[in-house]
Amino acid sequence: MSNGQLQMLQTPTPEEGFDLAIRLAQKGVEVTQPSEEIRQMLRPVYSRNVDSLIATSQVIAIHFQTIAAANNYWRAWTPHYG
Amino acid sequence: MSNGQLQMLQTPTPEEGFDLAIRLAQKGVEVTQPSEEIRQMLRPVYSRNVDSLIATSQVIAIHFQTIAAANNYWRAWTPHYG
Amino acid sequence: MSNGQLQMLQTPTPEEGFDLAIRLAQKGVEVTQPSEEIRQMLRPVYSRNVDSLIATSQVIAIHFQTIAAANNYWRAWTPHYG
Amino acid sequence: MSNGQLQMLQTPTPEEGFDLAIRLAQKGVEVTQPSEEIRQMLRPVYSRNVDSLIATSQVIAIHFQTIAAANNYWRAWTPHYG
Amino acid sequence: MSNGQLQMLQTPTPEEGFDLAIRLAQKGVEVTQPSEEIRQMLRPVYSRNVDSLIATSQVIAIHFQTIAAANNYWRAWTPHYG
Amino acid sequence: MSNGQLQMLQTPTPEEGFDLAIRLAQKGVEVTQPSEEIRQMLRPVYSRNVDSLIATSQVIAIHFQTIAAANNYWRAWTPHYG
């Protein structure tokens, strides 16, 4: 995601897949509030609000689900489905 | 999605898939509040409300999940499932 | 969905699939509040409430996910999985 | 779901699948609040609360997603995946 | 799930799958609030709060989705996918 | 997940998969609030708040869904899909 552009969903490791999920969650916020200044202003408030923290974690979880599927769950081996 | 009509879920890149997810999330709001005027009126309020920003990001995430699946996750190669 | 009865999940286009998702979201509300009169009374309130608008858009997104899968994502061609 | 027991997820039609989704959503509430009396007491309150109505519709949507998959989306024909 | 340990996701029937979903939802709460005493204290409050009841039903619905997939939807017969 | 790094989604048992889901949910919170000190400060508040407990359980449920799929639901045997 150089220059904020989403290139691909495939990542070498689950850790990098989680990082991508975080960036997609942020990207979804930037769409509605494009001002970096205002987002920085809001940050101290919501980073100490438990419900906002959990809600953010949930958006990351949904994106991670997508990315994990895109990476075939980073399986070392492929199970045989029939 | 010319004229607001949703043509297909396939997009050339993940970035365009994300854009489509954003438009579907907005489309879901326009259904309930068709007035452009009222939506513009509500925008300054919710674009500074952290919980609304996160909730919007979540709806985008759900649509992106659908669109990513529709595009077979924009995989360059197809894994062999058996 | 003639007479409010859900006939099938297959639709010719994604646009019609989205329309069906909207109707399923409404159907889920009518279950709990069957009175058309009370629903009409509530409408002006929630159509100007940002959080209700986003929440409605989310329910539509979940149904659209189901319907898109039911339509094999309206793919013109079938990718080869193996 | 005779005697409140969930027998199977397969239903003849989407409409009956939606009905099952509604019953599963209610079953999930009864688990935490088993008293029919208290649930009846709460009903008039939440059936006029827009956010509760939308939240209920969302739980139904999640269950309907499961049931639709269980029924192979009630497809008349089977698409060929390769 | 003897001794609170999750053994497997496969269950003989959908009803038992739903029971497992309930236990997983509770397990997710116990993680954050391990004290049985405090949880018992909170119970009378949230079992009469409509929004908590619906939110709990939603967590059960998400776990049931996982468990239903794990059990191949308890299908008596296997559909032919190609 | 040694040193907080997510190594793989495969786990020997469902119980360990659930543990991983819990750690991913926490990881999603740490992203937004990296200070261990502040998180410890918030903990007593949200661990007695029913809605926060349910919301946390939901994030775990979403991650568990991903992990269960990654582990092919820890099936002892592989069903035959055609």
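A, B, C, D, E and F label the chains in the order they appear, each numbered from 1.
Operating definition for what follows: a contact is a pair of C-beta atoms (placed from the backbone, for glycine too) under 8 Å apart; a residue touches a chain by one contact, two chains touch by 3 or more.
Just so it is clear, the model here is predicted, and its values are computed rather than measured.
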Identify the chains adjacent to both subunit B and subunit C in the sense defined at the top. none
Two copies, subunit A and subunit E, superposed on Cα atoms differ by a rotation in degrees, nearest 5, of 120
Mind checking subunit A against subunit B and telling me if their interface is mostly the same residue numbers on each side, over half, or mostly different? different
Farthest CA centroid from subunit F: chain C
Most remote chain, CA-based centroid, reference being subunit D: A
Using Cα averages as centroids, what's the distance between subunit D and subunit E in whole Å? 15
Using mean CA coordinates as chain centres, what's the subunit B-subunit D distance in Å? 26
Enumerate the residues of subunit E that touch no fewer than two other chains. 46, 51-52, 55-56, 58, 62, 65, 69, 79-82
Among line, ring, star, complete and other, which one matches the pattern of chain touches? ring
Starting at subunit D and stepping to subunit E first, the ring reads D, E, F, A, B, C
In the complex, subunit A residues that touch subunit B: 5-10, 24-29, 31-33, 38, 42, 45-46, 49, 51-52, 55-56, 58-59, 62-63, 65-66, 69-70, 72, 78, 80-82
Subunit C residues touching subunit B in their complex are 13-15, 18, 22, 46-48, 50-58, 60-62, 64-65, 68-69, 73-76, 79-82
